[in-house]
Amino acid sequence: MTRSEIRAAFDDGPALVSYVAAGDPSADATKEYVEALVDGGTDVVELGLPFSEPVAEGTTIQNAIKRALEAGMTPEAYLDLVRDLDVDVPIVCMTYYNLIYQYGDEAGPEEFVAAAADAGISGFVVPDLPVNESEPMYEACREHGLDLIFIVAPTTTPERLESMLDRTTGFVYVQGRLGTTGARDEVSENTPEALERLQDANVPKAVGFGISSGEQAREVVASGADGVIVGSAYVDIIADGVENDLPTEEVADRLEALAAELKAGARKGLPEPERK
Amino acid sequence: MTRSEIRAAFDDGPALVSYVAAGDPSADATKEYVEALVDGGTDVVELGLPFSEPVAEGTTIQNAIKRALEAGMTPEAYLDLVRDLDVDVPIVCMTYYNLIYQYGDEAGPEEFVAAAADAGISGFVVPDLPVNESEPMYEACREHGLDLIFIVAPTTTPERLESMLDRTTGFVYVQGRLGTTGARDEVSENTPEALERLQDANVPKAVGFGISSGEQAREVVASGADGVIVGSAYVDIIADGVENDLPTEEVADRLEALAAELKAGARKGLPEPERK
Amino acid sequence: MSEESKRTTGAQSETRAGKFGEYGGQYVPEVLMPAVEELADAYERYVLDNEDGFVDDFRQRIREFGGRPTPLSHAENLSERYGFDVYLKREDLLHGGAHKLNNALGQVLLAKYMGKERIVAETGAGQHGTATAMACAYLDMPCEIYMGRTDVNRQRPNVFRMRIHDAEVNPVDVGSGTLKEAINETMRDWATNVEDTHYVIGSVVGPHPFPAMVRDFQSVISEEMREQSRDQLGQLPEAVVACAGGGSNTMGAFASFVGSARLAGAPEGSQEPAPDVDLLAVEAGGSSLGVDKAEGYAPNSASLSTGTEGVLHGARTKLLQTEEGQIVESHSVSAGLDYAGVGPELAYLVDEGRVEPVNVDDDAALEAFHRLSREEGIIPALESSHAVAYLEEYEGDGPVVVNVSGRGDKDLDTVIEESAARDIAGAPTMEVFEE
Amino acid sequence: MSEESKRTTGAQSETRAGKFGEYGGQYVPEVLMPAVEELADAYERYVLDNEDGFVDDFRQRIREFGGRPTPLSHAENLSERYGFDVYLKREDLLHGGAHKLNNALGQVLLAKYMGKERIVAETGAGQHGTATAMACAYLDMPCEIYMGRTDVNRQRPNVFRMRIHDAEVNPVDVGSGTLKEAINETMRDWATNVEDTHYVIGSVVGPHPFPAMVRDFQSVISEEMREQSRDQLGQLPEAVVACAGGGSNTMGAFASFVGSARLAGAPEGSQEPAPDVDLLAVEAGGSSLGVDKAEGYAPNSASLSTGTEGVLHGARTKLLQTEEGQIVESHSVSAGLDYAGVGPELAYLVDEGRVEPVNVDDDAALEAFHRLSREEGIIPALESSHAVAYLEEYEGDGPVVVNVSGRGDKDLDTVIEESAARDIAGAPTMEVFEE
């Protein structure tokens, strides 16, 4: 896929971006889960490559990453899994910079970006790679036609925002609240404001961090978002499956149902005339 | 009795000075023990008035003092005991200065010395009252006709010895070795030397610290002592009695026997012609 | 990464703002970037330019509250043992018992100048947490400390101390429950409360400006070493030896000699490079060197000697990691050295040949703990014992200055236990208790 | 006792050699008298007259090894609380964590100058034993410490420290197994080994010259206080507050103001009497004042406030005793204040009205421990907490200097336990451990 595909995923009304950690609790399970999420209406898959020090994650995803690492997930296995996925939506790799940097024989992002592109990844989200440090990664992505997606935080200054938008392709990841990932019961009050300052940006804006229900998805889209990003809410379901030893299928069904709810909610957020 | 009586106790060949702690393990027992010691040949009784901090004593006598204090021995009870004793040898009070100093309404040694004299005490040994600090005690003793007996240590310098001998009446207490009281198996090598430097003193010289057998008593007298002072060896017998719950009489018999052995040993130490 | 033009910023090793060659940088989530930039600005204004008399205030407080200058003690018995003069820089006498307060006080004070209202910090063994709690009590700042659950349980006295100073202690239950997890969790707190909160990082690690700023607060150590060497030795030392965990006492002991110290108000000439002074960073050799890549475990913490370049906790530096880039669990008998990363400036100085990385193993450190206690009457922290241990291998003529970064009271239980288990030479018996 | 003519010896309170009015003297067994006289002679020659440069040597070592001068810290938060300026003299920062090293280093060094080959000392809580062990390790002297069995068991960390410094620790099994018994036993050792052994007594108690000599070694505290007051306060303090156990930190904090300090080499004028400075000796009020004469027990250690004259451990002084003169067991939550006697010079200065004896009870001391830790970032020793506690009652206008004689790390367990048992205000919860 090319980067236009990530962007294109937003063309068709509000997009649902769904995150799970690769290998949680096994590569096989992840394959089924991702496919279920897509069946439920996911427009972009954000597939986490687990890193031992996930500083941007809340407890839910930390635990997912721990399960994935214990189950033996590695960058190679990740790429195999991506190659193996039978979905027709773009896949974004979410991971931390050190794994990208170490891959291959030479230090630097080049080799992993190439391998990822080859495996079918369409873009990257790297939470510990702010725009200031992104030059080599940006170049590599450009070379391989991948999107490098930046996170815009509530604290991001106008100057920083500008330099991010300069490099943004795919979509802008709008961090809905301070802190780390994790499902919350309510949408942050600041979401409309966060979106407002992006209104001139000519890329889609997806809001993440804390969204867990169709109702929240609706609210976020009503505030002007072009998409919602959901992770911890799915991971909660996976964790529950692990804890209660549920069959993969049952978990997959629940994931699909949640994706469907979220997608429907997101659609409801559109002004009536725009709903499809 | 007058102070000449302590001195007089040495007139009759080598004197046996016997120590026990008053009230160990009861005032009644002490009375019997003292009488037994005198029956065994004791010429001077050194009766300890127990003080809570007996810094000059080894473990044996520390424990005796502890037993006596726990049994309720006090300065008043001590004086009662002295009054009660049915012996015709002089009694020396051995105690620490604080008890002497506190007795009565006014601070200072005067009142206790008066009360002791009244009860029948003939002299004092106060291990923590060196000659430098002895002025008020010395005056009080003089006033009441009591002997203040100083201890000459192996470390005592010639100057100090001189100032002690200036004040000495009764006898000189020759500390046979460094350290504290306590029975030993051998007489200190330094005893002859210690006695030699006292040869010009015109008071009797009694050696203490560590003597426990007739043989040791003989040796000490043979070295030139006019008497032997024994304490811990008796207290060992008393302690054994307490531990094994022996009848007072049996303990008294053993004390008498040890006194007799010591006395006989001491006599053997005299050059043949002087033995009586 | 493409070759970058080296700009001189006045410091010898900071080749451009926030970078030491290719090391350093600011690899943090976007949510923290504005805070990090605000801090970098405050660092330049207050710490480098003494705005509002900040540095004067800091210097006065670290003197009157902290007890600076710490002495430089001639170790007579060790000097005799080795045949060269050994001097000990006595950070063990700093308030709190380690060099940690230099940094904690500096940062909490800076946070106050910046108008921050809340302090968070991570701690491993509890030394940095205690120093931060202490500084917060003194400067009247609310304080929360993150500490792995394992560390909470094995470092109870330090938890007590933090609580007694009225700091909240938040146990971190994930992972192995040690320093790495505590750092991660503190970053998360900071990311959540970034607007009014300052994160007092505990060593010369993390994103710019932390490595430079912590170095500068700690550079009082080498600033004093230079002055005291002049007064007491009549010359600069031949070598300075310091242990390296994250590397804050290390950079503190080296900065003035490297010429990278930039704290305002230093005595004239004391920040000039002194290239003749050898700088030895002693890492924890643990039980053996290397990384068990299969198990993801390193039986040591020797990231300068054996680590590879990577990105951790906000900076590019040398790391103990698997080939894939997962950070491994490090190991040292000394909790304070037990960290898989190291300060980026040290990584750079090692590459440049200015700092020599060496290491001593657990047993050698334990022996040195006993040696210094027995021969010099100073109980060193187990961390500092690594620096002391290196004297056994030192081959120069001296004089050598060893940075005794902290006192070892906190390590007594560990040392007694480990010494008995390993049958360490020179360890005293404890049979006094056998009754 | 007969009236004695008062001879001035240069000191304000030493009315004749070895006597403070009727207090002091040399009430020891004859076997020790020559040693005591030899020591008095050495004291005059080395300490007062700086023979062989002894005092220069001492001053340099206590600076370079011990970390003097200790700072005088302005306690901003407490000053605000009380409405007058509070300054803290930071003996907690001295090597070893308490003022004890001033004396221990002085005496061990003196023993070396005297040609002694072995050191013995008593210890209660272990602070003096640790300081002595430390000084002996540093000065390469064999060292044996006597410590009551009860204290050995409840002060394990200090026993560890002494052993780590290679001192022998001899548990004393008689009596209640605490300080009093340890002193008695050390005297016995000294009496046995008097020829080559020096007894390093731990406070301003014992026979002459100990009270004067220990005071002089400790007088560096008030010597510095005077200089620092001049520099930092611009005036002498209105009052100096110190806790009093045996009274060594107390006399150390008072001596220069009394005018009785005689350590050679003091800055000019610093040993002149300063009669305007109030001197407050804070004793341990324990749970209540007075002596239970029937039980031979005092629920406090307030010998200056409530004791009576008597003779103990070589000197005439104020004591907690029964009417008959038996010494009673004292009590304080603070082990270092738990002693039935007090230095003779303090007894004299109290009678003369120069020093005011006051006391605070266990609870007030515990509260002050928490207050200083929480508000100023300094964990005081429980002993020192008594001095800090007295600020709650102080009625002057300040500035007040409080002598923080030591740090409270050693007391953490006791404080946490006692605070919970007594429900002490301001004590933090420890629920971080509840998992």
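Letters are used for the chains, namely A, B, C and D, taken in the order the chains are written, and counting of residues starts over at 1 for each.
Going forward, contacts are C-beta pairs under 8 Å (C-beta built on N, C-alpha and C of every residue); 3 or more make two chains touch, one makes a residue touch a chain.
Everything numeric in this text was worked out from a predicted model, so none of it was measured.
Student: Which neighbours does chain A have in common with chain D?
Tutor: C
Student: From the centre of chain D, which chain's CA centre is farthest?
Tutor: When every chain centre is compared against chain D, the largest gap points to A.
Student: Using Cα averages as centroids, what's the distance between chain C and chain D in whole Å?
Tutor: It comes to 35 Å between the two C-alpha centres.
Student: Centroid from C-alpha atoms only, then distance chain B to chain C, rounded to Å. What do you get?
Tutor: 67
Student: With chain centres defined as C-alpha means, what is the inter-centre distance between chain A and chain B in Å?
Tutor: 97
Student: Once you draw an edge for every pair of touching chains, what topology comes out, line, ring, star, complete or other?
Tutor: Topology of the interface graph: linear, an open chain of contacts.
Student: Could you list each pair of chains that touch, in label order?
Tutor: Those chain pairs satisfying the definition are A-C, B-D, C-D.
Student: Mind pulling up the chain C residues that touch chain A in the complex?
Tutor: Contact set of chain C toward chain A: 1-2, 25-35, 37, 174-175, 180, 183-184, 187-188, 191-195, 296, 308-314, 319, 321, 323-327.
Student: Within their complex, state which residues of chain A touch chain C.
Tutor: 51-59, 62-63, 66, 69, 74-75, 96-103, 107-108, 127-133, 135-136, 150-157, 160, 164, 175, 178-180
Student: Given the complex with chain D, which residues does chain C contribute to the contact?
Tutor: 63-67, 70-74, 77, 90, 92-95, 97, 133-140, 149, 152-153, 156-157, 159-161, 163-166, 169-171, 232, 370, 373-379, 409, 412-413, 415-416, 428-430, 432-433, 435
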